[in-house]
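The data blocks that follow each hold one structure.
Look at the two complexes coming up: subunit A is in both, with subunit B in one and subunit C in the other.
Showing the complex of A and B:
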């Protein structure tokens, strides 16, 4: 089965399951039976299964299916879980404060999951399109190395030309560009405004300096391009690495709140079914 | 002696002095040089005493810098500054002294002693050398020089293992005096110095997740016991020799035959780069002539007697099997197969030890590399037979103007030339070869004569089974036929894989960077199943969005296995993975030095107290070779592949391009 065929099969299965859930919900709605506990327990089990993906990642030695199969299952079950959640809250905002918080946590978990799905689909290609692969942990070191190379080029150029134009420009403009934290949004939007701005400055500077300094500036321009590529890789990898730091703790909070919710429901149900 | 000075922002914080084999730089207490700070990995880099010099090997995620240049492995000298995070480690003294065992510089894959002049004279009086026509050898390659330069005298004692079944080797052996035993049965793993790769139990699976990850390369003291079946003979300056402790038991339990003075063994696997077919050990004191493949090749080339001898053995033992395995000859009877076998010619092209010049060659441009490759058959030549690739790889190319264009690559079992022969037979007009076939690295081929195919094979085939006729008018159409052709994988990707000899891998780690989210789950999973020590680096050569990570590729031509003195590195008989039995690994680093892809690492092993295991004889830390074992003892296959959540990582078998095609298409 090709990837496209598998996706189509998955979507068809999801549509069927969703239709079944909605049908069951509408049928229950016409009867005097309460579907709340049933949908609640189903939802809780779904949440536990979804959290099981994290456990699978910690047990790579167990022959319990590949992580990619688990992730696909995680996506599909997550969507079904949203449907159960909507049925459980009867497509309306909960009326208790605690339930409101619980619903809010569920919403944030879902949104962070969808965010994760989107970034894991979109960002890798952007990183590989931009340039050679670089390990995230090595980026700060590369940045330092670039800065040291630029500084040494400028020192050499100043010594040779006996002019302080480049040193002044470095102190006033370039150092802030080199030492600034990478800007997330412009890089995500593939904006090259900052790079163009600094390149324009270099071009303007070239017209006013000696041949030695021009040569240094040409090399500095290449290093600035490299620095920009590193910033690009850093921003994209940062998002890919750190979005689970929202999703996973929120999931844990959701499980704890759900357990509390179960306890409260049974404590205050007064023996009613 | 190694002296280091650690500096933090220009201030000296510590000075160290070492005379051990390995010095680990990292951020945890167990490292010899502990550097706590931003950008320092737990085990950041290692400085290894190579006997004559010290090498700096990076093992970090942040990178190690030598004089401000990032390095993965580099020799260091006095005055060098090593950048680890924000620390600068200055080399104050680096006078490496040879270590009794563990030194690699002067070792070769030979086990024997150099041949003296008197030995040559003695050998020349013995058969088969006595009857060889000395004048048949060219002036620059006399028989004497072959015996002196390409041979060694190997003196074995009772029980010494000369060859192990399943090992690879580049030498053949000739019995000069004494007797050896050729074991007809397959010996148990324990006798062969191997470890049965049984899957771990459920409790063992879980216990590997609880191992202490703060100690690198931790091995329990209890695991370091020696074998009861095998002994080890050490001799200074040489690779150790392994011997059977209980020869009478082996003779009683297993069928053996005696090989005595004047007999040769191991020549087929040495020339054909195939696994040794049997185990041979010394019975009493034996002197053997060890002939390396270069010598063997030339002896066969210039001596008709030896050629006849080797060819006869080859035809009897191996050729028939190869011919029978080829689908074209499936329908032939036993007599007809014999006829094919008798007429088939076998040849070897290229460098047998291609891996020696591999790194230099990949830095050259592709065109000059292709032109230097030896020609097996040339476009326009008369079609005198069909080429069947027995081992290695070949490049199929077509001339376009003044240059050559690569069309496809042929691997083991592929054929070329049948379409031209069939065209001639069907159209009654012979055509020459339409393409040029060149050996990549080392290629072993069989040539089945045209006449045999026209007589025994083609007449039995229906027209629909025969390959299409060439469209000689339309040159574009010449690319459209199918024999040994694979046009659905991007030719540039294929070119990249072959240029870097990745086609040698049966399990290369290929990462699609368009899908990889850089989560490092693969590295974590690998570390989890290998006691906290990942056996690969998520880094490597890149072509467009594909990366070939630095992980053992489990090569079809495993050059790492050539010359292992104890047989510790071997091919798993069941799964075919290349694995290392640490119990018999003596840390000689022959495998790591041979691996052209740098995918084997030598590590000093430590005990539960984080202290090095010390060899009682040499008083030096015990070193072992480590690499990816494809999770042979785990359930469900390689953990790296199974733990990739986005199907971005795949272990691809490049001896079969269909696997690659399937995955590339899928991704």
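Showing the complex of A and C:
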């Protein structure tokens, strides 16, 4: 099955399941039978399955499908879970404080999950287009390497030209660019303003320096370009790495709140089955 | 610059799963050793020089730049010391810690708020409706788990097999009769009977709405909770202060119904006997009154509202009271004007075959020779209740005892002596003697009402004339140290009582004037006629008559009581109670006279309600008669004949049935309400009496 076929099959399955859930909701709403407990238990099991994806990643040796298959299942089941959630709360905000908190936590988990889905689909592509594809943990080392290379070029140029222009420019302007923390929003927005500003300064500097220094500046310009690309990759990988910091803890809180909700429902439902 | 170095010599191995990483990582000068598992910095030097061929050699790895140019110090130490750092946690470690903290914070919040004073507010699923607003945060009022805390709820969930039945809590304030949790508060037998009636009446079964058909096909609805319908199934609380917990979707109403339909206009069964399903407690023939009696009296009814007024809720059209609607014609009738029997015979000296008793050697003492009456029903019942087996005299005339058995003679003797005792006690000890006697089979309060101002003086004079020696007889008969009836009967049986002497005769003083005794009490009250004490009803709601009828309904010795009940409720009986008030059978099979026309506060809640006010737009009679069309040919009075077997579905009303089309002229979608609950009630139990009982008994929790 090709990727496209697989996606089409997934969409069709999701549509069918959603239609079935909505039909069941309508049928239960028609009768005196209480569909709340059924939808609630189904939703709770779905949440547990979704949380099970984290465990699956920690147990790669188990022959229970690949992590990518589990991830696709995680996405699909998450969407079905949202539908069950809406049916369970009858498409209206709960009235009680605790239920409101529970719904809020579910909403945050869902939104963070959708955010994760979007960033994991979009950001890798952006990183690939801009390059380079590097390990997140190694980016500081590469930055350090670039900075050392630039410093080396400037030292050599100053030695050869006996001019302090490049050294002064490095101290006053370039070092702050090299050592600054990458700016998140400009890189997410694909803004290259900082890079252009530095490049413009380099171009302006070229007109006032010797031929040796010009060659050094051309090489520095390339390294600045690489540094900006590394910043771009760093920002995008930072988001990819840290969005689960919201999703996973909230999921655990959701499971605990859901358990309490189940306890409360069974204690206060008055024997209603 | 090439970032990706594939060689293991050129590139270090990343370990993101470890707990700690070098604190200098951000600056790109990571120490090759890295922190310990406990997060301690292990930085010393870039390498550990090795002594090779007598000289110290740098051992820095190629990955970290290879051997340094400076080489080791002469003492063999590395010339490039590593600056120490403060190791920091890896991203994965941080995430794990955040997860643990999230779990801890969540549990902490639950414990903090779940066990505090705000737990009920926090865990409440929402405000209760305004009707239950007085309950506030007292969860235990409605939930058996309400008095528990977090631990109790957990325990219930984990270890309790028994589901709490909180419907009982609802019923403590909202009594719903004997079958509170069955459909419509009716037993399964009653529901089955209704279904059978519908099936018998036939008619096409309408097409159920699609959703209901799907529900019926997909779900086993009939087995819902084994026929027990908990209150919460329909009444959803905690939906906010302004919510209406009595609202229910039409389709949910129809879930259990065998005949499901779309709306009143589409599929709802035709009205079969609406609204005149029940025999009216008051016998009132509209046709005969409007076409015969009232014209004969020269009266004209100009409007339905002359006799029927809408109640305060705007729901029911109530009938006028007797005083405003009936008294003008019927008041004198009740007091006996023009009637053959004016008064109710209370006590009498019956005609007894004294000669036969004497010849058999049975002492009866003094007895008036010209006593000519028969035992009155009231007297029979009193003597019967005093322990005399008066039924044995059934079919036997007291004035001819020639063929009586010894046992019958003995009873006849007891009747004679007890009658004399009743008269004598009444004449000498007054009303208290009669109250004392009646208290034997009713309570004191009712006994007082049954005496109704009985005048001892009236009897005192008469008794002296009828039986001059009765005082001596009674003195001899009554055993001084015992006031029991057995002692009394024993005393005269043994011949202690005096010899028989004929009396003087019945009261005749007023007859000589040509005026009847009963006419002297035209406003009602007691009078003597012959050897009989009569009571003439004083008017409507005469408590003496009402109480004797009520007593005869419920008193033991049903044979005598039934005779008394029939005599007092006969159509022509004094007081004419039975002329308008019909007899009904209670569930226990006891015949009672229905005193009230219709009392909304005690009436059973009907399955169908009709709110009159919104239907009276102009307030004209035409509006009333658009629905209530009089049926002149109906044999209304046949319902009240003694052998009538009229049931709510077969009884004959004086009005024609209302047709569904009359309602669907307006009650169609978008024009007027068509929801089931617009016209129908789910709970049809006797809420009035149940609530009254609840109020008088107090809460079951008390």
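Operating definition for what follows: the second predicted complex is superposed on the first by the 268 of 273 C-alpha atoms of A that agree within 3 Å, B and C clash if a C-alpha of one lies under 4 Å from a C-alpha of the other, contacts with A are read in each partner's own complex, and residues count from 1 in each chain.
As a convention for this text, a contact is a pair of C-beta atoms (placed from the backbone, for glycine too) under 8 Å apart; a residue touches a chain by one contact, two chains touch by 3 or more.
Since we're looking at a predicted model, the values are computed, not measured.
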**OP:** Evaluate whether subunit B and subunit C can sit on subunit A together after superposition, giving fit or clash.
**Re:** clash
Original post:
After lining up the shared chain so the two structures overlap, which partner does A:67 touch, if you call subunit B first and subunit C second: first, second, both or neither?
Top reply: first
**OP:** Considering only touches as defined above, state whether A:123 meets subunit B (first), subunit C (second), both or neither.
**Re:** first
Subject >> subunit A residues touched - subunit C or subunit B, whichever exceeds >> reply: C
**OP:** Considering only touches as defined above, state whether A:237 meets subunit B (first), subunit C (second), both or neither.
**Re:** first
**OP:** Check the residue A:226 against both partner chains and state whether it touches subunit B (first), subunit C (second), both, or neither.
**Re:** second
Subject >> Touched partner set for A:57, first subunit B, second subunit C, both or neither >> reply: first
**OP:** Considering only the touch criterion stated at the top, classify A:197 as touching first (subunit B), second (subunit C), both, or neither.
**Re:** neither
Original post:
So, does A:262 touch the first partner subunit B, the second partner subunit C, both, or neither?
Top reply: second
**OP:** Figure out whether A:97 sits in contact with subunit B (first) or subunit C (second), or with both, or with neither.
**Re:** second
Original post:
So, does A:140 touch the first partner subunit B, the second partner subunit C, both, or neither?
Top reply: both
Subject >> Set of subunit A residues, in rising order, touched by both subunit B and subunit C >> reply: 132-133, 135, 137-138, 140-142, 145, 241
**OP:** Using the touch definition up top, name the residues of subunit B that touch subunit A in the complex.
**Re:** 38-39, 41, 60-63, 65, 68, 70, 83, 85, 200, 205-206, 208-209, 513-519, 521, 524-525, 528-529, 538-539, 542, 544-545, 547, 634-636, 639, 641-648, 665-667
**OP:** Sort out for me which residues of subunit A touch subunit B in the complex.
**Re:** 2-3, 57-63, 66-68, 70-71, 119-120, 123-125, 127-128, 132-133, 135-138, 140-142, 145, 148, 237, 240-241
Original post:
So in the complex, which bits of subunit C are touching subunit A?
Top reply: 1, 3-4, 14, 16, 21, 25-30, 91, 94-95, 98-99, 101-103, 105-107, 110, 114, 121-127, 139, 143-146, 148, 152-154, 156-157, 163-167, 169, 211-212, 214-215, 218-219, 221, 224-225, 229-234, 238-240, 249, 251-252, 255-256
Original post:
What does subunit A use to touch subunit C in their complex?
Top reply: 23, 26-34, 94-99, 132-135, 137-138, 140-147, 149, 223, 226, 230, 241-242, 244-245, 248-250, 252-253, 256-257, 260, 262-264, 266-273
